[in-house]
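Paired with subunit B in one complex and with subunit C in the other, subunit A is shared by the two complexes that follow.
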Partner chain A sequence: MPVSPVVEITFALSALVILLSSLAVVLVKNPVRATLLLIVAFIPTSLVYILLQAAFVGILQILVYAGAIMMLFTFVIMMINPSPKDGESPAGGSEGGEGGFSGMRGALIGLLVVGALGALLLPKVYHAASQVSVAPVTKPGFGELSSISALLFEDPANNPLTVSFELISFLILVGIIAALNFSRRKGAEARMENSITTRPTEALPILQREALEPK
Partner chain B sequence: MSVSLFNLPDCLMLSLALVLIGSYGVFRRRSLILVLLSIEVMLNGVNLSLISFNFFRWGTVENSHYLYMLSIGVAAVEAAVGLSMVIVLFKNYNDITRNRISQLGERA
Partner chain C sequence: MTLAEFTPLLPDLLLLALALAVLKIDLWSEDGEAGFHLTWIGLAGLALLLAFGSRSDAVFADYHITAASRVWKLLFTLATLATVFLSRPYFRAGGNARGTLAKSGAFFGLLLLCMQGMFALVSAGNLIVFYLGLELATMPIYALAAYQPRDADSAEAGSKYVLMGGFSSALTLFGISFLYGATGSLGFPALEAAVRAAPADPALWGGIFFLLGGLGFKLAMAPLHMWAPDVYQGAPTPVMAFLSVASKAAAVAALATLFLSPLNAVRPDLAPCFAAAAVLSMVAGNLGAMRQKDLRRFVAYSSVAQVGYMLLAMLGEGDGSRAALVYNLVTYGVTGFALYFIMGVIGKEGPETMSGLRGLSRRHPGLAVLLVLCMFSLAGVPPLAGFLGKFMLFSAAAAEGHYLLVGIAVANAVVSFYYYMLVVKEAYIAPPGEAAAIRLRPLQIMVLWGLGLALLVLGVCPAPADWLARAAGN
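This part shows the complex of A and B:
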């Protein structure tokens, strides 16, 4: 299948940028920088999607992934403001050592496991993918919005994809309820503690209680 | 151009490399937020493999584009639930490194 040199060069450059910035996401110390580097990795990914005739998916990648999900990450990182050393343990990393992977030993173990996995998988996957017969795109308007919407919503009464696409909204609803529940439980317990007193000094106003109780 | 990169094996190599990079991050990172970010890197690799399979192998229906939408829906839910868990852990422990966290509730 002949491909134009422009596509080849664009694909090679985007693959390089994707790999480098994803590596930087894993290795960089500052969490905010890691999030922004992941957004940087998503932009050439959407370029690759456009090369693969999936323009709508490329748009979704920018709008939903880089725009919404990564902004959620950025908000949470800026809200709880972890110090830069949280991301990567400095040399030693002795605090809480029972967790196992920490310090240089952890880096070595991780590199060993991932390297062995890569050395095992990469040649096999390459070999197997080379054997696969390639079927070029024949559908007119492949990957365009009209084509995808026809796939999803044509004959909605009998189309299983319509039902499962609508079920995604229930999945998101469940996620919202779970997130709300996580954030609500703490407040409810605090209110319970305030209303029911077990010790007589707790019935007093807070300032007097602090004056009475020894430190 | 003699060497051709834009084909199915090389796209799969790229996505497999992304999955490996992300799994190294999951091994290595101690902050829970950065573990979630590494999972996003892995998901990105999987999505890339979906779309490239659909382009090179199955040029008649956009089934994988639909799978991609499902995948980003799941990724959004996972990010929302995981980040709210991180916030609860940060409230309870004042710390989100995973070595010191063994339960979700109050500190015993």
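This part shows the complex of A and C:
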């Protein structure tokens, strides 16, 4: 069954915007701009989801990623406020440095690898894709919230997604513990530092302090 | 479902309860002692339960409890238990020259959650559980690698591991999406059937390619091993021990779970790939280890070489390979932990480097003897555990006719003698400095004796190997 030209054109445009803005995310030097460009990449992605009849996932993509997560990103970037110096890529590596795979050489190697992979895989994938039937899904309620929640929560004892669902909650727990751990460390160390600086020996020059401390 | 049906699932549930209890009790205890005792008692109980508990297999919605998975779980549990004991002095003031670790509760909690991920990994019945288990087995280690407070190396290790781990997870996930596209299924049985029906599907090979890349990073298999030395060196020693034994075992288990069952049909086609990775890993690890002065870096390179030997088993037939892998991981774990405990002892006063071993034969003769046993075992000298482990790996590959590869592996094992003997030379021959005699705590003496005896027993007594082969083979 042929796809309507509207869908084809929408898909092609979205794909183009996704590709260009994702490239720009990597190439742009200012991290705030990179974040905003990432949001630009998310909007056509959600459009693609909607084209695939997964409207709910498409809306989530905007709500959660563009709305919430990227806002957090922006906050963090604003808070740290990194301003890349001249000749420094935002990732921190220096361009054209000696040794290693930095700068142009890295880009060249990356291009070669991606090019070779693409040349190997693309024709095959294209061939495989052309075999797939493109008839729209006729399952009632496909992509709706009710069917997604049924998929996740129906019959928990035999649902293959139950274990995965629980595992994801452990993953989030690990993230929370790790984040708490590193943020709490700062507070504890600051207190410790305060108490150390009140020690009288701390005020002495380093040489004398070493002489005072027993070996 | 009745309560009795949950009995096979008991170890997994118990581990979860233990992790949460350790995290909770840490909020009340001031010095973290309660967390430590709860953790080791819980883990010891879990090990007993896995070894002598319910023997029945069960399937809970794509979570498979089998005899093979129980063996893996027992291995993970024992490795974590050893890590917990090893980490004990690192949390005491003055226990290590590099500085004291803080917040033992979160440390043990993260270790246990990591173990939960490994449990899920070996019980996975579909690719989503597999991926999530792999993630859960890696994510806590990102935090643990950066656990040394105010230490630039440790922070570097953490951030390097996060970046590399994230990258490899993305590769793995990409590979899984290809597999799903090729076979239309995430469950292992359906995947196996689809692979058998169309083993030449290009999308399938795309998936395998990315999966191997992602798992190769986790495994630190050459040429994807370059993160390992830096992370091992920067991470606190107990975390390094966990990385090199438990985490490595998890990565090997992941490889075995995928390529020895659902993707078994394509494994013969992958033989050149595994062979190349094995040779590269052996050579890169052995050449790298020769020049190291830092013991943690040394361990990293030597473990890369071990991965090379272990990849040989991926060329053998299924059951023998699985048994050889498990047995080799057990012997490597025992040997490794004996070495790490020695590192912990010398790390009390000085840096954990080669020169820190200097004069060990005078400072503590028993410890020096154990060090020699470790090195001989790692090199694969006959009466010791490491020999039998290597022998099983080599014979698994030789049984399928890969004689040239086994020859290369044996040559590499001979080369590795050189740098293992360098360590022994530091302990016995190098001129000793003016260091005081070493005093050991009763717990340390007990653990070191246990590991030393295990080194000997696992090498001469084939009964444990037989038992493992029977249990893991099924």
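Here is the rule we use: the second predicted complex is superposed on the first by the 157 of 215 C-alpha atoms of A that agree within 3 Å, B and C clash if a C-alpha of one lies under 4 Å from a C-alpha of the other, contacts with A are read in each partner's own complex, and residues count from 1 in each chain.
Basically, contacts are C-beta pairs under 8 Å (C-beta built on N, C-alpha and C of every residue); 3 or more make two chains touch, one makes a residue touch a chain.
Quantities reported herein were computed from a predicted structural model and do not represent experimental measurements.
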### Task
Quick one: classify A:121 as touching subunit B (first), subunit C (second), both or neither.
both
### Task
For A:174, decide between first (touching subunit B), second (touching subunit C), both and neither.
both
### Partner with the higher number of touched subunit A residues, subunit C or subunit B
B
### Task
Could you look at A:3 and tell me whether it touches subunit B, subunit C, both or neither (first, second, both, neither)?
first
### Message
Under the stated touch criterion, which partner chain does A:49 make contact with: subunit B (first), subunit C (second), both, or neither?
### Response
first
### Task
Check whether A:163 is in contact with subunit B, with subunit C, with both or with neither, and answer first, second, both or neither.
second
### Message
Shared contact residues on subunit A, subunit B side and subunit C side combined as an intersection?
### Response
121, 125, 161, 164, 168, 171, 174-175, 178, 182, 185
#### Entry: subunit B - residues contacting subunit A, complex
1, 4-14, 16-18, 20-25, 27-31, 33-34, 36-38, 40-41, 44, 47-48, 51-52, 54-63, 65-66, 68-70, 72-81, 83-88, 90-92, 96-100
### Contacting residues of subunit A [partner subunit B, same complex]
1, 3, 5, 7-8, 11-12, 15, 18-19, 22-23, 25-26, 31, 34-35, 38, 41-42, 45, 48-49, 51-54, 56-57, 60-61, 64-65, 68-70, 72-73, 76-77, 79-80, 82, 86-89, 93, 95-99, 101-102, 106-107, 109-111, 113-114, 117-118, 121-122, 125-126, 129-130, 132, 134-139, 142-143, 147-148, 151-152, 161, 164-165, 168, 171-172, 174-176, 178-179, 182-183, 185-186
### Message
Under the definition above, what is the set of subunit C residues touching subunit A in their complex?
### Response
1, 16, 23, 60-63, 102-103, 106, 109-110, 113-114, 116-117, 120, 125-126, 128-129, 132-133, 135-136, 139-140, 142-143, 146, 149-150, 181-182, 186-187, 201-203, 206
### Task
Flag every residue of subunit A that touches subunit C in the complex, lowest number first.
121, 124-125, 127-128, 156-164, 167-168, 170-171, 173-175, 177-178, 180-182, 184-185, 188-189
